[in-house]
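In the two complexes below, chain A is the common chain; its partner is chain B in one and chain C in the other.
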Partner chain A sequence: MTAADGPRPGASSGPPPGAWRPGDSQEVYYAGVRMVRYDLIKELALALLGTAVLVVILAAALSSPDDPPVTIQSWAQSDPVDFVTTAVAELSGQSETATYGPPYNNTAGAAQAIGPFAPAQWAGVSTPIDTAKDFVLDPLGLASAGDPALSSALQTYERAPSSEQQSWTTAYGHALAKGTASNGSVQVPPGDYGPVPRLMNSLLGVARTGGLDGLLLQTGHFYQTDYTRPLLFMGDGSYLPNLAAAQHLTGDQWGMMNETGSYPGQTWLWLYTFWYQVPPFSTAPNADLIVVILMGLLTALLALVPFIPGLRDIPRWIPVHRLIWRRYYRG
Partner chain B sequence: MNAPATYLHWGFVLISVPNLLLLIGMIVVFALALLAPFPHGDVVDEAPPPAAPDARGEARRG
Partner chain C sequence: MADRRESATGDSHATNWTAAVRGILERRLPLSNLLPDRQPYYVGSWVYVFGVITIAALIWLIVTGVVLAFFGPQWWHVSAVGHFVNSLHFWAVQVFFVFMVLHLWGQYFMAGWRDGRAPTWIIGVVIFAISLGTAFTGYLSQQNFDAQWIAVNAKDATNAAGIGAFFNVLNFGQMYGIHVMILPIGIVTLVALHLVQVRMRGVVKPIEPAGSASGAEEAQRRREADR
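For the complex of A and B:
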């Protein structure tokens, strides 16, 4: 039996099945079928009009999230000690970005993996970032034009042996625990820090004017839209993460589905962020990889519902369609 | 709306009141879509049309 000679939808009278043939007119095909007048165009027009009115009213009443942007300038002005502490970690290669691994660098064992399955490692370093050079030394090199003292401090640092550089940054990093900020610079107890305090206070000065935001955005293109470097730099400090935590936007706060202020957020991401809240995902060092794979499997499961025995029978066990088409099933 | 939202916390569940209201709203709309009567137009019981000629031009039973 083909579709063409099967029963017609809704037919309750008229010619019996098989009494019509392919090529028959619509009048013949639908003869005896109960018809209902329905204006689909009218429904579509009214639905669009209603939605448009609702959107205009809600937009006028509620507007949209409008938090001021967090920049390196606002960070350096609000929390200069945290800015300098982070800059020293970038300079010494101890920050989170400096040790993240792919796609930023080749830190051994840093890429998330499940046994031999290591997609980040396979993809390699696609966005190379040398935190000391990109976040500190290169911007200072540009800022040193016309500043012989800064040029000299830069040369002293770059020509020093690696062990001495490490000694200076480690000592200065420890001293920053007692650092205080005043008059746009950071002071620490006396110690053997080499040129590092001079470099850091110069970087702080550039950052406070907004110059570092621009220097980190440089990509050589006309429009600068790649915020990777300033975002990574700010993420390595505690200023931006603390602001995010205060707004419940971090990963362990269901942050994916939250929004700033009192606006509802991306509630449809609830399942994605749910996994990050419960063990073993919440404590796994490769949680991102596990959650991506898990969500991929669940999505495939959803797409394949019609082919999975048991799962495809759920509508029979929970017949919601009978509620929707209750008039038909009552009949 | 830019003021910080109130968050509700039960165990590992942490949800903002705006998100909770949105979820409740979605459930209510879903329930309404199931239960609200579908607007029905005028039922027209059409009488079987007169016999129409088929592709071969022969009159067939309607």
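For the complex of A and C:
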């Protein structure tokens, strides 16, 4: 008896005597099924050839995206006011990174949590970053060699009480709303800013030469592959996010599955990206944690489909299999 | 290592680990199952090709990835040949995912986990998940604007989940190492295991309505013959 002339669907009820049993060999499993010649190796060879042709045609015709990276230098040259505004926020401890919480610092209440479930808090500070010191004061300290005026401004700032430092940076930060850039420096309306304008314009000058790109990677080691500091610094400004928004790459633009230009991006992340577009995820302060957990659960659900009644029965209810095996069902 | 307890009949499976493993392999995965030249006649749908195209794309991904890794992460930004190899890698990723997803949906609607094939399905889902991570670290390793923005944007999710404490998406060296070595080893190993699972059990039979089973009498006869 062959599958072609075997019992047809709905022929009997109850546990079938020929149903699969654990330990059945393939000879038993395929009993009664007509076997035909099939060449797996040739199939793989043809698939290799076909995909090679397809990929070569796509690569030759469409190339691949490669928009050059943004540097601190290009940022400082293109948008000096945004650069200085960001640097002041780093110096005063008001930037996104300065108040981020784990893994960069211990800002109270900053870590995302769901009730008592706070994995970021539990993981702790693994990449400590003091934005004032790491992004502004240390690079300026290195750049001040041979520049007595800058050294003096740095000393004035570092020796001032923190309340006075805060007063200078706050006032200067507000004044930057009316800031203008000319001749490689940023000017603001007169005010009591202490040495802050001098520090900021010095930092801007170093950045415009490309020096700050190197100084932010300074770790005391010759080789360097960790770009955490410059990327966080640039991420705190408006320049980088504005460029991303222009390319439809931000979170509220389905950014994680997009790519620069008109190229396909990580389209396979559509479901992950989807959650960020709809309430309550789009407005929740702990949306990242919720979405990560949700995607973890959905992935586990997908893996366990064979054991979940309902989910495992959908293929029986939606007869796509009748298209796939139409020769079999035709008999 | 000589096994002094080998019996006169040469039946050493009880004490000789090598013989035991060989016995298991011969019983569970004979060469005729590993490389069969016959398949059930219903293995004639295009759905069966999605898996092999996914593997073909994976092979081209590895080949182009090895070339890119050999010349270093800067090469393709400054070399026309390098850019073309990167384009091959880029489009091979797209083909890989398109056909892997088609394979996944095809297997879902065929209920490919039936008749003892749940482990094959689970390994397949794990391969899919690791592939997402491999592609993600690949995008982070591009050293261009896209990589910068993905890193800045994605850090919030990894940090919120506590993963950022040991998986720093802003650390190019870490992402590059994970992308070119650790995750590809995982994918290749699991794909090999996935294929062995498929060949051990063969392709699943078409879905029968509850209560029916084709070839029931013949199967029963063969079981009794096996005893």
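Here, the second predicted complex is superposed on the first by the 291 of 331 C-alpha atoms of A that agree within 3 Å, B and C clash if a C-alpha of one lies under 4 Å from a C-alpha of the other, contacts with A are read in each partner's own complex, and residues count from 1 in each chain.
To be clear about the criterion, a contact is a pair of C-beta atoms (placed from the backbone, for glycine too) under 8 Å apart; a residue touches a chain by one contact, two chains touch by 3 or more.
Note that the structure is a prediction, hence the values are computed from the model and not measured.
In the superposed three-chain model, the partner touching more residues of chain A is C, compared with the other of chain B and chain C. Contact with chain B, but none with chain C, is seen for A:His248 once the two complexes are overlaid on the shared chain.
In the superposed pair of complexes, A:Asp147 makes contact with neither chain B nor chain C. Looking at the shared chain after the overlay, A:Glu158 reaches neither chain B nor chain C.
Of the two partner chains placed by superposition, only chain B is touched by A:Met257; chain C is not.
Contact with neither chain B nor chain C is seen for A:Asp192 once the two complexes are overlaid on the shared chain. Look at A:Val278: by the touch rule set out above, it reaches chain B but stays clear of chain C. In the superposed model, A:Leu231 lies in contact with chain C only, and not with chain B.
By the document's definition of touching, both partners, chain B and chain C, reach A:Asp66. On chain A, the surface touched by chain B in one complex and the surface touched by chain C in the other have residues 13-14, 19-21, 24-25, 27-28, 30-39, 62-63, 65-67, 247, 259-260, 263-265, 267, 320, 324 in common. Residues of chain A touching chain C in their complex: 1-4, 6-14, 16-22, 24-41, 43-44, 47-48, 50-52, 54-56, 58-60, 62-70, 100, 102-103, 111-112, 119-120, 122-124, 126-127, 225-228, 231-232, 234-235, 240, 243-244, 247, 249-251, 255-256, 259-260, 263-269, 286, 288-289, 291-293, 299, 302-307, 312, 314-316, 318, 320-321, 324-329. Here chain C touches chain A in the complex through residues 33, 35-45, 47, 49, 52-53, 55-57, 59-60, 76-77, 83-84, 86-92, 94-95, 97, 101, 106, 108-111, 113-118, 121-122, 125-126, 129, 132, 135-136, 139, 142-154, 156-157, 159-166, 168, 170-174, 176, 201-202, 205-223, 226, going by the rule given at the top.
Remark: chain B residues 1-5, 7, 12-19, 21-23, 26, 34-35, 40-46, 48-49, 52, 54-55, 60-62 touch chain A in the complex.
The part of chain A that touches chain B in the complex is made up of residues 13-15, 19-21, 23-25, 27-28, 30-39, 62-63, 65-67, 246-248, 253-254, 257-265, 267, 277-278, 320, 323-324.
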